[in-house]
Amino acid sequence: MMNKEKAILLMYCKDKRGILAEVTNFIMGNNGNIINLDQHVDQDENYFFMRIEWELEGFSIPNEKIEEYFSTLIAFKYSAWYKLHFEPNKPNIAIFVSQYSHCFLDILSRYEAGEWKINIPCIISNHEKFRSITDRFGIPFFYFPVKKDNKKILEAEELALLKEKNVDLIILARYMQILSNEFCAKYPNQIINIHHSTLPAFPGAKPYESAFKRGVKFMGASAHYVTADLDEGPIIAQDVISISHRDSISDMKRKGRNIEKIVLANACWAHLNHQVLTYNNKTVVFD
Amino acid sequence: MMNKEKAILLMYCKDKRGILAEVTNFIMGNNGNIINLDQHVDQDENYFFMRIEWELEGFSIPNEKIEEYFSTLIAFKYSAWYKLHFEPNKPNIAIFVSQYSHCFLDILSRYEAGEWKINIPCIISNHEKFRSITDRFGIPFFYFPVKKDNKKILEAEELALLKEKNVDLIILARYMQILSNEFCAKYPNQIINIHHSTLPAFPGAKPYESAFKRGVKFMGASAHYVTADLDEGPIIAQDVISISHRDSISDMKRKGRNIEKIVLANACWAHLNHQVLTYNNKTVVFD
Amino acid sequence: MMNKEKAILLMYCKDKRGILAEVTNFIMGNNGNIINLDQHVDQDENYFFMRIEWELEGFSIPNEKIEEYFSTLIAFKYSAWYKLHFEPNKPNIAIFVSQYSHCFLDILSRYEAGEWKINIPCIISNHEKFRSITDRFGIPFFYFPVKKDNKKILEAEELALLKEKNVDLIILARYMQILSNEFCAKYPNQIINIHHSTLPAFPGAKPYESAFKRGVKFMGASAHYVTADLDEGPIIAQDVISISHRDSISDMKRKGRNIEKIVLANACWAHLNHQVLTYNNKTVVFD
Amino acid sequence: MMNKEKAILLMYCKDKRGILAEVTNFIMGNNGNIINLDQHVDQDENYFFMRIEWELEGFSIPNEKIEEYFSTLIAFKYSAWYKLHFEPNKPNIAIFVSQYSHCFLDILSRYEAGEWKINIPCIISNHEKFRSITDRFGIPFFYFPVKKDNKKILEAEELALLKEKNVDLIILARYMQILSNEFCAKYPNQIINIHHSTLPAFPGAKPYESAFKRGVKFMGASAHYVTADLDEGPIIAQDVISISHRDSISDMKRKGRNIEKIVLANACWAHLNHQVLTYNNKTVVFD
């Protein structure tokens, strides 16, 4: 929206009296203009969370020193986890895709329209199916035919590619392969997957079939960070739609595609805007 | 709405060519005026379902013979399950309640307002807490302090009472006791429970606490017929609301009460209007 | 789903006793296998609506005679409006677009994925902006720089093109020009527009700005058939999302794009599947 | 929830650098423990909003002086509107009701269950209909048969009663009389009404009938502060449900009652918890 340079700080720690004032004073005392502050206290578990955004023009601490100063003066004292981002910034995003195009094309559309300010240095797939459409968008396509027996080798190649391309975020756009724990560990809270059910209901394969069998009256989709435990990572976004006995499995799949792509996009948007904090395997998503 | 006498037939069977025409002809050929017809074919499992409603004025088959004729001429041929209801009819409803009043008072309000045309011959509770408010509505209150060791005896007394009162439907309005299998078996598809989660997510006790811990972005409530398997019966109605990190467990409970009472009421309404068919542990709910 | 040839009949008329049986008998008496029947009676206004779908294999009336027979034997008698469709059939769809790509690219994605079985013989735009992306999908792009003073001439050219391409349905995918009454009259119930508000709230231009100013807590989108009265045509589909004071106009636009494209797609899907009937400036949408 | 004494400050002003820090310092510098802070900047209109909640134990400024100090030291400087509340506090609420009981009984149920910590010193009605049920809850019932010709006199009596009872909030629970401008002016942002449509769609009488006629696919309810302009006051809460051609006007009324009572309750809850700020005829509702 605006092009002025700004910093965004995400942090959390055990809640202690005075933490909020100390952080705001750190910024305002150094002549930073706070343009957004979101704060949350989880009173059930006694955590303090904050997202604070300020303009860097006139800020007395040089950009490359902010992290050090914040760490020394505040984070250390409160044993706080934190992450500092600068904007504007154009992150590098890799999309993993298999044989369903709806999430994949939805992301390309947002990229094409300039809705998301991102680079897409690579599309990675275990099928050749979407090479042609990827080409049309002028994005490099990489084919890794991952199978059980070559998984280790191909994942290593994928990781090398991701490293070379400086990838900040990996989006699994209905990617039908399970990433190894080692792979996941390289990109903590940087891999977003879309699962086609309202987790924790119907994890695993064929959630629409299971939902149909159970006769539920709502179905949905969940976007989550990928962790070693399949479908168990921190949920970033969910959405649901009502269904009835009139919906066949085929109807559920068709309707499901609509929420899958929107939920995945919403989760990525929140991540890209540094609105997501993760703790205890769940998320705080500031809006 | 209207006071003309009418019949409502619910039926289902394996789908066969001609079944729809045969039933409509049975009614119209005997001079019945069909005022509502809902039909559904589950193409994934090949079942045919129907709900048909017709005015009895001028119908050539006397009321007390309709069931026999239908059974002989049609149900037998198609191995169909069916149920015949007559309207107007004022069913007898028993409410089981423990210590939460929101669903309970919501039902009493609908009864008081005449929204539901029902009799409430008894409120049954394992606590004395709501005797006074029940009295104010002029409804008999029965206290059965069910515990592990007296369950068998007290359930027998409850069953005797329900039989004496000619109860057609039992509503568990946040009743915190598990009914025995024997009890459930006496009222198949006639006991409706409200569970405070979107089943199958978070069955069992403390669903709000579990949902909080899992960090879901939606929560809900499910009304279902009670079967021997706890929280596993056919789901009649569900609803959801979005939640965020801002919602404490206490907020979730407060918001949850709103959907619990509405979902329970919607399920009971559908049941009372003979809109619900059960098969394969799920429901068809015509609307 | 299935490729067997079938017919779909949509009809409505003033409700009269016997109409349902007469139609089902017309089909079954001629050896048609009914695979879907939806029927609705608007009891407030006394209309009867039906959608009936049957397999043509073995049907005794030849396809090209069905309409004549139905018209003579039934429609005439009941003064019924009706429309007969045959499947499989691949309709020709024209998309009108201006400068927003989200709805447009969403439709192209569904086309590309084979979700919609359609031909897109032309994209029509009053801007050159999307020529390049259209080219990439291999679809002919036509530029008609409609202005006040050339509208009559260019609309005539557009109509000629649409006729030449045998267009069955026109989708206005955020097309920012108002079609003349004459244009609309050529394609009754064949032009679908997406309006970015929950009509009738906020018709006309800048609905998000108006919604922001009014401080509503929900916003939405409406897909409707285009009639001479702007934003007043029969609504086919709507959806909403909750918003709060935290949503700026820019947030509303971003969130709005998500529902706009889904609502438009849902309306088009219903139309393409012959599920929509129009009467009294509103719709029956069978599902 | 907790019984510790605390203060809640609501404020807003034109956004200026430093305002947030100044307020937090005012509280923490005087040894107040902030337990909740919500802040919002309307960047489209450049307003700053805040809700801040702190524990009073150990706070150096005595309760009766807080307002004066805040006014002098901060509010004056920023030309800020503000309101200070103390908790725990049990507000006095008057309910106005006519002939529909659903919202009315829903509030009484929350009161009875202790969900809302309030006094209800009077129920006011222009009908005798609900005297008996009110009596059962032990609440004084006042009958004011307001008509065109006696409105002035009876409103004066009502106002005298409200004053005598020290009423803090008036809830119009489907009260079917329009309050005069003079009446409204006595209780600015202290009268909450429920309107049975998603305003601004379908203001005025018979919204369900209008929604039916227009053929909308969603309907809803809106709770708003009452101002001199009927149905034009600031919206506090809204909710919607999807409807279809299957819903008769009578179905819409039945379904509508469910959302009316929940939306009204949600709006009152937010008001009672001092979460609502009003500006430019709209609301900020912190959660």
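Labels A, B, C and D are assigned to the chains in the order they are written; within every chain, residues are numbered from 1.
In the analysis below, contacts are C-beta pairs under 8 Å (C-beta built on N, C-alpha and C of every residue); 3 or more make two chains touch, one makes a residue touch a chain.
Computed from a predicted structure; not experimentally measured.
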Farthest-lying chain, centroid of Cα atoms versus that of chain D: C
Higher-contact pair (C-beta pairs counted), A-D versus A-B: A-B
Where chain A and chain B are represented by their mean Cα positions, the distance between them in whole Å: 42
Centroid distance [mean C-alpha coordinates] between chain D and chain A, Å: 38
Residues of chain C engaged with two or more neighbouring chains: 246, 287
Chain B partner contacts - residues on chain D that touch it in the complex: 1, 101-102, 105-106, 109, 112-113, 115, 133, 136-137, 246, 250, 254, 257-258, 262, 265-266, 269, 287
Footprint of chain B on chain C - complex, ascending: 17-18, 20-21, 24-25, 28, 33-37, 39, 41, 242
Residues of chain D that touch chain C when the two form their complex: 40, 42-44, 49, 198-202, 212-218, 220, 222, 234-235, 237-240, 244-246, 248-249, 280-285, 287
